[in-house]
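Here the structure is laid out as structure tokens; the discussion comes afterwards.
The letters A, B, C, D and E name the chains in turn, as written, and every chain counts its residues from 1.
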Amino acid sequence: MAYGGIYLADEFILETSGLTKEFAGFFAVRDVALKVRRGSIHALIGPNGAGKTTCFNLLTKFLKPSAGQIRYKGHDITAMPPADVARLGLVRSFQISAVFPHLTALENVRVALQRQHGSSFDFWRSKSVLDRFNPRAHELLNDVGLSEFANTPAVEMPYGRKRALEIATTLALDPEMMLLDEPMAGMGHEDIDKIAALIKRISAKYTILMVEHNLSVVANLSDIITVLTRGQVLAEGNYADLSKDERVKEAYLGAGHG
Amino acid sequence: MQALYAQLLVGLINGSFYALLSLGLAVIFGMLNIINFAHGALYMMGAFVAYFLLNLGGINYWWALIIAPVVVGIFGMILERTMLQWLTGLDHLYGLLLTFGIALIVQGVFQNYFGSSGLPYSIPDQLKGGVNLGFMFLPIYRGWVVIFSLVVCLATWFLIEKTQLGAYLRAATENPTLVRAFGINVPRMITLTYGLGVGLAALAGVLSAPINQVRPLMGADLIIVVFAVVVIGGMGSIMGSIITGFALGVIEGLTKYFYPEASNTVVFVLMVVVLLVKPTGLTGRAA
Amino acid sequence: MAEAKLAEKPVAAAGADVLTVKDLQAWYGESHILHGINFNVKAGEVVTLLGRNGAGKTTTLKSVMGVIGKRSGSIRFDNQEIIRATSDKIARLGIAFCPEERGIFASLDVRENLLLPPVVRPGGLPLDQIFTLFPNLKERLTSQGTKLSGGEQQMLAIARILRTGARFLMLDEPTEGLAPVIIQQIGHTIARLKSQGFTILLVEQNFRFASTVADRYYIVEHGKVIDGFANSELSANMDKLHTYLGV
Amino acid sequence: QEKLDKTVKIGALSDQSGLYADLAGPGSTLAAQMAIEDSGLKAKGWTIDLISGDHQNKPDIGTTIARQWFDVDKVDTIVDVPNSGVALAVNNVVKEKNGVYINSGAATSDLTNAQCSPNTVHWTYDTYMLAHATGQALVKAGGDTWFFLTADYAFGAALERDTTSVVTANGGKVVGGVKHPLNTADFSSFLLQAQASKAKIIGLANAGGDTTNSIKQAAEFGIVKGGQKLAALLLFLTDVKAIGLETAQGLNFTETFYWDLNDKTRAFSKRFSERMKNSAPPTMVQAGVYAGLIHYFKALEALGGNPHDGAKVVAKMKTIPTDDPLFGKGEVEANGRVTHDAYLFEVKKPSESKGPWDFYKLVGTVPGNQAFTPLDKSTCPLLKK
Amino acid sequence: MSALTDDTLPITPRAMRDEMIVFAAMALLLAIVPWTGIYPFFVMQALCFALLACAFNLLIGYGGLLSFGHAMFLGTAGYVSAHALKVWGLSPELGILVGTAAAALLGLVTGFISIRRQGIYFSMITLALSQLLYFIYLQAPFTHGEDGIQGIPQGHLLGIFDLSKPMVLYYVVLVGFLAGFLLIYRTINSPFGEVLKSIRENEPRAISLGYKTDQYKMLAYILSGTLAGFAGSLKVFVAQNASLTDVHWSMSGEIVLMTLVGGLGTIFGPVVGAFVIIAMQQYLAGFGQWVTVIQGVIFVACVLLFRRGLVGELAHLLRRSL
């Protein structure tokens, strides 16, 4: 973490300023200044349509900002193509489960490992050269508890396992920062606990920004929470503080919460 | 100068066909999510129905303008009910392949019976002849084609953008399930929409019969140009396809005047340019 | 005036069952979601389905509406079996549905959105009455449907089904994402509709809101109805509710 | 190869369904069938088979069929091939396989000039003849500025080339031209260019459906009324039928055969049209298929059997003078060119026509020895020996 | 929405062994053809189309891109080779090289224009591009328009093999086909092929993993076009002409049909499909345009009834990838 002066500039791995996305006159995200501290679990919450997913899409360059800046690790990535952003170690997972359905779990992870180590354009070589990634792939699958699924096509895996696989694939890229969009969506209790533990575990190594509607998950996991409404930042703070904030109560938690 | 005006007129006529056909494609694509490759074949059927009506039943052009679109529209609706319907939920490309197959069948059958050369269909008496406008000689029939297509295009636009039926159509394009849950028989509407799009193609076929002869392959090459038109203009909006259709016809006409060698290719070249500048097309709605 | 008209045409005698669902099962593709839902709704009632995320509440409503591909069991509405009917037929029997995701059409303006659902039987709320209920809509008639604020979209979604003359309304989480002040307004609306003889089947996460309008509750869990009680029994059932819903 | 036998296999290769199908196509196959019957060879113990194919006006399809006919079906002789592009391509194959090639339908004079072959006989007509007969007459009548509307393939190019040389040789001038794809439906923009050129004569270097369409649409755009004259350099009976006398009347053109020339042609035509689907009398091309085969059978008889050696048979054909009921007397010249009389016709007015196919007025005759390329001007390499 | 090649089966080592066995059997079968009395011209033609369909399949089956203009590669390479052989007098091997290189270049140019659009738009753009090329070739002097380039000299390959001998030509074409086939097979089972498959499966995810997917699709497109061009150059020696038929949209349609019949995204499907369609055309040639009708019926039947194609259905029955 940031102790010395040298690191101070680096205290925030991701910063946005004035981030805005306009859809034909409608501002989905407006003037958002977000600072994500290195090594933290940062949650983004807000009512439906507040602009959270849009925000994610902007950060990972799936959408082009209408205005504003995004800085990641000191680079201005505002105009960078999505693949380059991923190469810098800023990687997202998807709201809808994102795996390669007809590849096995092992292959899923390998595709990600392969990207890191080049040779992906070699159409004249046998794919057995990819076997060298197997040990690391198995390791990653093990990390998320998927060892026994290594040779199962992703399409045949239960929902929660797919989510875990997706996280393993994301980890294979050796990211510095992960964006998780509703990682618990569609999961049963046990799964939620497992994934929550997984997130907690990996957060030791990575910075995590996540969107989550499950308040108990947010409360348990996140170091800091930003509340978005109507595309704008309403408040920021830890769960305890926010749950007392009148504006947050009004906009998101509702009058009865707290 | 005279030649320029004349070529512009010829361009407008081609533009009429582009507009009618791309309009039909857009209407169908909106509801069925299918690029109707059979559109050219159905256009050709429109012309043939007019031909049969005249030669077998002695029914004239004016009735053909009404009957042919209805007949071909019904044929289209049968296609939709028996085949296209089963593609819901599959990749769009299957729609392309299926309708391509249908086009081959229809064109092949007509080729077997009528060869590949043109059958004559003469201009209705009321529209024969031409007027000398001073700056050019205007064959009345060709003028009629331009004006009539324009009216049909605008009427279609009005129907879809400004009426309750059109509201159903647009809504069902977005969310068919919900529209159906409001009590509207969406499958029937889809069938009718296909019929409408196909009917527009058939109408274009009738209009073109006196100009282009009635030939089994009359639509086959045309449809590819129309595809280029669609790529340029996108299928996002009804008005968009109408305007792009006419505009490209005119550009083609201009090319015929200034650089005739490129007249076959200008639409495609334009498509390339548009794609290079704006990969999503002018009014891009991504597939 | 309108109320007089409405009173002439009750859907069924008050107190009689309008909707009876027995052993309803439903599937999304391969996945079996509903495993035997049983409940009933009487004329003029507001009945609320409660349950956790993913319990199958929406699926239940959708099954009644006939928009779920595969379903079995029995759904009787107005003494007619509708388990096999298509959704357009069901709508024409007088059931109207306001979906969770609101379903406002982007290619239609507010007026077109409002006038979209066809009138299925006489006796729907006239426009002026709808505008009294939701004054915001009147001012925004020409803007594009999805340009409305979330709250306004929700109003629009409810308003458009009131016009149709359907007397049986199914509202799926009508308060989701809405500011409390609008939630209050929706609460009043539901109360008014009820007093005008509408029957309402409600799905709610927001239990506090539900308790202000509901006559009876059913608890849905894992695709089954596991409990049910009247509003009057609410306090007695509070503990159970906590365990069911985790609130 | 040296052995002679009495089996012959003939392939009628034609455009069976396209824009030349009416003037050749199934009618040509019928003509070939009638030639086989009329030759009387069957009675003398010969077996003669006839198969037909559709080249669809595509050279590659034509050569594929031809090659397969020789390789697999053991065909001896290919007849008709009414498309210059296909004809020239098939010409190569026939030579390679040493078959016999009796071309009736193709127009290009190259078949007996630069591309001539010892296996080829070009029967009915060619672009040289068309250019000299029709072209010359028109220039002499004052049509001294020309604009060409040319079918963009071997035929159009040859006809334009041969006509241009006639026009310029007679003091006329070609002021422009436009090429159109084979089988075009809408000629409006080409005609507009022709109109804008202000040429006195618009020369139609196209054929079949292309010619009929150009003539009909020229009427629509008021071109003839505007004072320009259309020269249908190649016009067939079936084309006149398609255009209708109303529009076609007065057109001048050249053919080497017309069903109503004399008693012999009328007799044959009667037999022919009775067997045609639409009762049409034979066109010049179909007549040429018949006459060419009749002459071929004479050569085979003279040889005493079929040597299955195309060059040998064609050589024999060149030694016998031609004489048949349809084209009269003539000869097969050393370059493969068949000479016979050519006739200048004019299309009748509707009021002059007395029957469904009564279309032509004979206005002149060019004797066979003047109608075609003089041998000393032929560029055929076979002559250089 | 389900993708075109949704039920591709995972490739296991065992499957790969099976594939090698099938490949050996296929090669052997083809090698004995000239001794069976089957018209070799027919088989050579079919081999060219089989290679073409395989090249096409590389793009659709493994890249998820349906090109409706693949005839442009066939035709372009054909014209260029034909011109090189006839006019420049190049040797056969150089003629093939030049033609194939032309196709590669064409792939680069058209890929640049088309690759950024997906789904039906990609199909429509490739179709339109091929039609553009068709019109250019219709008018360009060197192609001789409708007449085509005829009477192309076959020459001696590497100065040794006399290609005007049907036997020699047959084995040259066969070797060319097998080489092309193996290259495609290798590409599918290469590191590149893995990425390609993952793009087809879930492109947004591949992008998020840091792949510049356009570049992969572009390489696949160029490879596919180049191999299709190679098939076109080989075909010049078989047909001894180059013509507009090979750049016409109906040829592009036939390529799609062959692959669809055999099975999109199967390894051997395109080969089977090409032979089936060519044989059908051969035996039904006498029925005129009914061939077109039958092709249309097959299209419709494939789409409605067996989307997996012949080989795909078989593979599905055997639970093997073929």
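One rule holds for everything that comes next: contacts are C-beta pairs under 8 Å (C-beta built on N, C-alpha and C of every residue); 3 or more make two chains touch, one makes a residue touch a chain.
If you want to know which protein each chain is, UniProt gives these names: A = Amino acid/amide ABC transporter ATP-binding protein 1, HAAT family; B = Amino acid/amide ABC transporter membrane protein 1, HAAT family; C = Branched-chain amino acid transport system ATP-binding protein; E = Branched-chain amino acid transport system permease protein.
Please read all numbers here as calculations on a predicted model, not as lab measurements.
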Touching both chain B and chain E: give me those chains, sorted by label. D
Per the definition of touch at the top, where is the C-beta contact count highest among chain pairs? B-E
So, comparing each chain's Cα centre against the centre of all protein Cα atoms, which one is closest? B
Centre distance in Å when chain D and chain E are each reduced to the mean of their C-alpha atoms: 40
Cα centroid separation, chain A vs chain E, in Å, comes to 42
CA centroids of chain C and chain E: separation to the nearest Å works out as 56
Multi-partner residues of chain B (at least 2 other chains): 111-112
Multi-chain contacts in chain A: which residues touch at least two other chains? none
Return the residues of chain E touching two or more other chains; collapse runs of consecutive numbers into ranges. 138-139, 288-289
Contact residues on chain B for chain D in the complex? 2-3, 6-7, 10, 13, 111-112, 115-118, 120, 123, 130, 132, 137, 139, 141-142, 211-213, 215, 218, 253, 256, 260, 263
Tell me, which parts of chain A touch chain E in their complex? 60, 62, 81-83, 86-87, 91-92, 94, 98-104, 107-108, 110-112, 114-116, 119-127, 129-130, 153, 169, 173
Residues of chain C that touch chain B when the two form their complex: 65-67, 86-88, 90-92, 96-97, 99, 103, 105-108, 112, 115-118, 120, 161, 164
Touch list for chain E against partner chain A, complex: 6-10, 183, 186-187, 189-195, 197-198, 201-202, 204-213, 215-216, 219, 223
Can you list the residues on chain B that touch chain E in the complex? 35, 83, 86-87, 89-98, 100-109, 111-112, 220-221, 224-225, 227-228, 230-231, 261, 264-265, 268-269, 271-272, 275-276, 279-281, 286-287
